[in-house]
Structure formats: C-alpha cells, structure tokens
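Across the two complexes that follow, chain A remains constant while its partner is chain B and subsequently chain C.
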Partner chain A sequence: MILKCRKCHEPAVVNMRQHKLPLCAAHFLEWIPEQTQRTIEKYRLFTRTDRVLVAVSGGKDSLSLWDILKQLGYQADGMTLQLGIDEGLQYSDQSHHFIEKFIGDFWPGSILHTVDVKSAYGESIPEVARRTDRGNARPCSVCGLIKRHEMNRLAHELGYDVLVTGHNLDDEASVLWSNVLNWQIDSLVRQAPILPADRPGLARKAKPLCRCYERDMAAYAVLRGIAYIYDECPFALHATSLQHKAALNDLENKHAGAKLQFYLGFLNARERGLFTLPEEDAPALRTCERCGQPTGTTAGLCTFCRLWDKKQAVVK
Partner chain B sequence: MILKCRKCHEPAVVNMRQHKLPLCAAHFLEWIPEQTQRTIEKYRLFTRTDRVLVAVSGGKDSLSLWDILKQLGYQADGMTLQLGIDEGLQYSDQSHHFIEKFIGDFWPGSILHTVDVKSAYGESIPEVARRTDRGNARPCSVCGLIKRHEMNRLAHELGYDVLVTGHNLDDEASVLWSNVLNWQIDSLVRQAPILPADRPGLARKAKPLCRCYERDMAAYAVLRGIAYIYDECPFALHATSLQHKAALNDLENKHAGAKLQFYLGFLNARERGLFTLPEEDAPALRTCERCGQPTGTTAGLCTFCRLWDKKQAVVK
Partner chain C sequence: MIKVIYRNKQWKVPGRRTVREVIEAVGLNPAMVLAVRNGKLVLDSEMLGDDGELKLIAVISGG
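And now, the complex of A and B:
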C-alpha cells in the first residue's frame, strides 16, 4: 500500500507514525518548521526580537535547527567549538567543513563565532582529558563540561538573549530515561525545553527541537539537501545514552508514540508542579572568581577553570 | 568457583548479587525475615501491638510474608478471596488448597478469613467481567477493583490496624516503571511502602516485602519448604506488568542492583519532597452511599457497587 500525503494526496515519503501523519517531501519540509514554531511559542522559548545564538556541531540536528530558525525569520547567528578531535577520522575538521558548507549553500553571510579550544586554553579536548585523567580515559565528561562553559560564555559575553541547541526528542527522552532510572533529582528538576537565565553569568537556554524525533530530523536534513557529518563522535560510540536510545526505540516499535508520550507526560507533570523541590533544597551556587560563571564548588575556581589550573589538576 | 556463605563459610546456595551477598540456606532463611523487619521499621509500617491482616493468594510472596510476620512475632491473621477462576486449571481451588496446606504445615490454628465473591455478590470474577464487558475481555481490571475493595472492607470491618500485601521489589519496580513511562501522576504520588488510612472507610496498607527481589522470595519459599501455586493467573499471562518485569530484568542483568536502585532512588526522591502535588490538586473523594468506602465517582455509587448494579452496568 502506498501512503498518500495527508495534505496533497501525492505519495508520502515520510510517515510520522507517532502523529499518524504521512507527508510528501514538500509538506514535510513545511511541517518541521511549523512544529518548531509551535514548540517555540508553547514553551515561550524566545521571540523574533531576541538575538539567538545557535550552537552548531556540523550534525543534522544543529544545522537543521539553524536553517529552520532562519526560515522562520529569527535573528539567529551560529557558534561552534573547534574541539581538536581527530582519532584518524579528522572528526573536528570534518565537522567544521560541514558547517562552512551549510552556510555557503543555504545562508551565505551568516555570522559564525568559532572558539578553538586549543588556541584559547592551550590543549585540545583529548589532550586535556588525558592530562587530567577525568572520566575513565574517555573525554566525554570533560568535553561536555568545556562545551557547556564555552557556549554559555559566548552567549553571555556577546550579549545574545538566548543560546539554543539542537537536542531532539530522542536526546531529551534518553536523558529523561537516565534521570529517572537513577532518580537524578536535581537533573529532573532542571530538565525542560527552556532554562531561564536565573543566575548572574548564566545565559537563557532553549531546545526548539525537543518534540521532533531524531529520525525525522535526519529526514529533514536529507530532504532539504543539508550535508552533515554522519558519524557519531568516535568517543561516544558506546555511550550509555545510545543504549538508552535503543531501549526507547524498542518501546517505540511496540507502540508508536511511546517516546513522545514519555517526554510530554513528563513536561505535563512538571507543569502540574510534580518536580518542584522545597526552597531550601535548591543547590547553593557561588560565582567562580576567575570566569564569573555560577559554580557548585564550595571555594575558589569552578570545575572548568580548575581544568586549566595544572597544579590542581595533577594533584587530583 | 564455589561461593561461600558470607556468615559461616559453608557453600552458599543463594547469591544476592544486588547486595554482593552469598548465603547458605540457613543464613538466607534468617536474612529475609531480618530484611523484612528492617523494612517494617524504616518505613514505620506497623508495630507488634498492631493487628495485622495479610492478604494471601496461595502464591510464594503472600504465603512467605505471612510466615515471616508470624516468625517475627506479629499478630498476623490471613484473608483470601475465592475468585472463582478456573480456566481448566482449577486456579482458584488450587490457590485455596495451598493456603490451607501452608496453615496446616506451618502455623496450625491461624485465623483465615475467606470471602467467596460468588456467594457474596452472585457472580464469580469471570462472570462479572463477561457481563459488564470491562477491560477488553480480560477480567484483570475488574479483579483488581474487587480485590482492592474487599481487602479494604474486611480490614476495616474486622478492625485490623493494617492490611499487608506480598508485593515484592519486582512488583513495585514494574508498577513504578509503568507509572513513569506514562507519567501517571496520581499513582506516582501514592506509590509507597505504606498508604495511610487518611480517609474515612480506608484501611492502612503496607508492603513489607517491597525491598525483596522476586527471585529471592521464590528461593525463600522453596528453602523454607512452603508449597505454593507456581502458575501465574491464566488471565495475567500477557499482562503488561510481566513485560515491564522482563525489561527491568534486562537492566538488572547488565548491572546488578539496577532494579533496587531504581526503586530506592524513587523512595528517596519522595522523601525529598519531589512527588508532592500542590494541595488543590489532590483528587476530590466522596463516600459511596452504599458501601461507605471513598470513591472518585462524582455522584451515587462507587465503581465497585456499580458493578453489581445490573441496570447501570448493562447500560454502560
């Protein structure tokens, strides 16, 4: 049986079973931006008068997001980090190539801010991970720490109103899954499509693709003609998040929409006040004396600044 | 490698990987009651001056629980429902046989209250399920409704301080899993080792085995020599709860203790106040005008009493 597009009755190329919605390419390429706009409005992420900074990695989600926000008329600039990950794949160089190509192909003249971690701090991600020996020989935890710090720093220093990332539904659902399995209370309390800039030094953060399935974002990039880096980061191959995604896909295969229901049910529960901690339980944060960002450490530098403070890092 | 009992260095017959604790039969048969006593104290379920009513089904958990409470010196009487489930297996008759045998073998003279659903209300579980056509031709939802109502009625009418059930960790974790996957907020808020008698007509309810793995309860029954009904209820064979248990066992196989951590993490989050709804969100309950139990229906009879009110049930 050939599925027909719900809107024009041409043959469908994408069937979003979670919405019981088959669409042709043209209508699918309209639908994803419309859905993104609905998410932006529903969760009040930002408006067209806000200056938006999109964190791009060269992957399908972040490039598609930047594309969609431009189409929707938002003032969206890009930022990226040169992480210095090679592993025989020239991973970081490739990533950068796809970002440049995207700008040239789709939105020439767009502003892209680049931070080269090695130029800025003296070591690439694998180098700092090796020296400080954090995270069981895998640089993922150091990488996440540096990315979060630098994205926040740039958004804040350059005066953007909001930093947006390309996290899709599968990303959010797998983090939620992990947070629930381990009952990571503080993470559960903060997991949302928007994080307000509620501390000095903190930028507002938003995830406009949080209701879009990963496979639909891949279809969007392909149908739109966006070339993107296809490989996962070589360090992330056995990441637990990928196992969680597989478990959720098993559920989804048994019951179309399970993944979406899981995530939206959580957001509804949040709205009903289920994840509100008593005031006194909010983690106490200070301001790092070097970089000025909020930190949970009890004295001195934040975890990011300690990374580069070789004496402390070597002592461990 | 032969594992040795942690306490006496004899060969172990049970290895509780979640506690890294191999034990011989004698020490395991001591450990399960000790663990039960710790649960009773930690969650303040009841004391030795309370009159305790144990709901028994003839299965390993409820018979073992009754046995353990007797050993621990609690004033524990039993209650059971004759459900009238046959399905070619004489399921209910067999269940009752194992209960009688347990009493004769272990605790002769114990008080057992029996409610025969057909004698009391005119129809067995399969009969009322067929007539009212509830729950997609499976009587499980009607059965649960009737069991909850009758257990509560007996505990309340006979003046027991607390009704206890044999729910083990796997039961609780799989209900939690389901409550989380579907974000059943009201169920999450009420899922706990103890439910207080906080409404007129409601008995206190407690689950002293909530920290014991299902496989360990099976080992307890076998090593203690308790004969129990081995089959699942014929109607429960494809129950979602069994699928959830299988998913949790997959996790447990990858990481010993995952199931326990999932449940205990939830209880800790509860204690930190994570699942407290705003006052105005508590479901409004009335008292049923016929049976006097609390009900969420907006007028007239409760769902249980409506079951037997043929005119209403047929109208649907």
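And now, the complex of A and C:
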C-alpha cells in the first residue's frame, strides 16, 4: 500500500506516526517550520523583534533550527564553541566545517560568533577534563558546564534577547525520563521550553524544536539537503542519555506517540502547577564574584571559574 | 537478497518484505533510523523487491 501525502495526495516520504500524518517532501519541509512557529507562539518563546542567538554545533538539530528561524523571518545569528575534541577524528574541526558549509550553502553573510575554548582559557575540553576530577576521565560533565557558561555569557554580553538551542522532543523526553527515574525534583521544576532571564547575568533560553521528534529533524535535514556531522561525539558512546533514548524508542516503536504523550503530559501537568517548589525550597543562587553569572556555590567563585583557578594552582 | 548498510555495518537479507521488516531483521529499531533507497527517503511500509540496496541513517547523531 502506498501512503499518500495528507495535503496533496502525492506519494508520502515521511510518515509521522505520532500525528498519523504522512507527507510528501515539499509539504513536510513546510510542516516542520509551521510546527516550530506554533511552539514559539504557544510557549511565548520570542517574537520577530527579538534578537535571537542560535547555539550551533554542526549537528542536524541546531543547523536545521537556524535554517527554520531564518525562513520564518527571525533575526537569528549563530554562535558556536570550538571545544578542541579530536580523538583521531578531528571531531570539533569537522563540526565547524559543517557550520561554515551550511552558512555558505543556505544563508551567506550570516553572523557566526565563535569561542575557541583553548584560545580563551588555555585548555581544550579534553585537557580540562584530564586535569580536573570532574567526570572520571570522561569530559561530558566539564563540556556541559563550559558550554552552558559560555553560551550564557555570549548571549548576555552581546545583548541578545534570547539564546536558543536545538533540543528536540527526544532530548527533552530522555531528560524527563532520567529526572523521573532519579526523582530529580529540582531538575523537573526547571525543565521547560523557556527559561526566563530572571536573575542578573542570566540570558533567556528557549527550545523551539521541543515538540519535534529527533527522527523528523533528521528527515528535515536530509530532505532540505543540510550536510551535518553524523558521527556521535567520541566521548558520548555509551552515554546514559543514549540508553534512555533507546528505551523510549523501544516504547515508541510499539506504541506510536508514546514519547509525545509522555513529554506533553509533563508540560500540561507543569502548566497546572504540579511541578512548582514552595518559595522557601527554591535553590539559593548568588552572583559569582568573578564572572557575574548566577551560581549555586556557597561562597566565592562559581563552578566554571573554579575550573580555571585550579589550573593556575597546578601551574604555580 | 537486499544489501543493508548502516554506519560501518552491512548485511544481506532476503527481500520481498517491507522496509520495516528489513530494519527489524537486522536488529534495529525502525523508530531510530531513516531508510534511503536509490537516494530517496522511503517509508517503513514500502514493499521491497529482492535486490538492490537499502541505506539506513541513524537519527541520533553528533552535534
């Protein structure tokens, strides 16, 4: 049986089983930006007068997001971090190559801000991870910390109204799954399509692809002709988050729409106030005395600034 | 037989079944791959012949 596009009755190339919606290539390439726009409006992520900074990594989600926002007419510039991950694959260099190629192929003249971690702070991500005790020789923990800090810093310092990331529904559902398995109440309270800039030094953050399946974002990149980094980060192999995604996809394969229902059910419960902490339980945050970003540390520097202080101590 | 390619792996599997059945036959989850035949995306429900190549793209990738 040949499935037909719901809109034009040509043969479909994508069937979004969670929406019972088969579409041809042309209508699928229209549908994903429309869905993104609906998400932006529903959660009031940002408006067309806002200056938007897109965190791009060379992967399918972030490049597609940048492409979609440009198509939708948003003032979207890009930012990327040169992490210095090589491991025989030149992973970071390859990632950067795909970003440059995307700009050249689709949106020439776009603004891209690049932070080279080693040039800025003296060490690449793997080097910091080897020196510090965070992550037991795997740099994912250090990498996440540095990325969050630097993305926030750049968005704040350059005066962007919002920082957006390419987190898709599978990313959000797997984080939710992990938060529920471990009953990470503080993380459940914070998980949302929008994080307001409600403290000094904090940029507003949004996830416009949070209602799009990862599979559909891969299909978008393929059909649109966006070349992206296909290999996983060499340090991400065996990551727990990938195991959580696989578990959710086992469920999805048997029950189409399971991931969507899981995540949207959570957001609905959140809107009804089921995941709010009493004010006295809200985590106490202060301002880091060096970088000015909010921190949960009890005194002195934030965790990011302490990373580099430890380096100076070793050098001395 | 159909040649199935996924990352750096290859299989030969009997054809005359759907893309979905072929994906499951090589031990992968259809929710986690896209199928490409003759350079074009194909649906899970598409019936395959008994020859040619099916390339599977992992939907979880770098970035």
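Following the convention adopted for this analysis, the second predicted complex is superposed on the first by the 310 of 316 C-alpha atoms of A that agree within 3 Å, B and C clash if a C-alpha of one lies under 4 Å from a C-alpha of the other, contacts with A are read in each partner's own complex, and residues count from 1 in each chain.
Operating definition for what follows: a contact is a pair of C-beta atoms (placed from the backbone, for glycine too) under 8 Å apart; a residue touches a chain by one contact, two chains touch by 3 or more.
Note that the coordinates shown come from a computational prediction; the quantities given were computed from them, not determined experimentally.
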item: Touching partner for A:59 - first (chain B), second (chain C), both, neither; value: second
item: Which of chain B and chain C A:74 touches, first, second, both or neither; value: neither
item: Chain B versus chain C as contact partner of A:252, first or second or both or neither; value: second
item: Partner chain in contact with A:180 - chain B first, chain C second, else both or neither; value: first
item: Partner chain(s) touched by A:220 [first = chain B, second = chain C, both, neither]; value: neither
item: Partner chain(s) touched by A:228 [first = chain B, second = chain C, both, neither]; value: second
item: More chain A residues in contact - chain B or chain C; value: C
item: Touch list for chain B against partner chain A, complex; value: 180-183, 185, 188-189, 247, 251, 258, 261-262, 265-266, 268-269, 272-278, 281
item: Of chain C, residues touching chain A in the complex; value: 29-32, 34, 36, 40-46, 57-63
item: Residues of chain A that touch chain C when the two form their complex; value: 1-3, 12-15, 22, 25, 57-62, 91, 95, 166, 170, 214-215, 217-219, 222-223, 228-233, 236, 242, 245-246, 249-250, 252-253
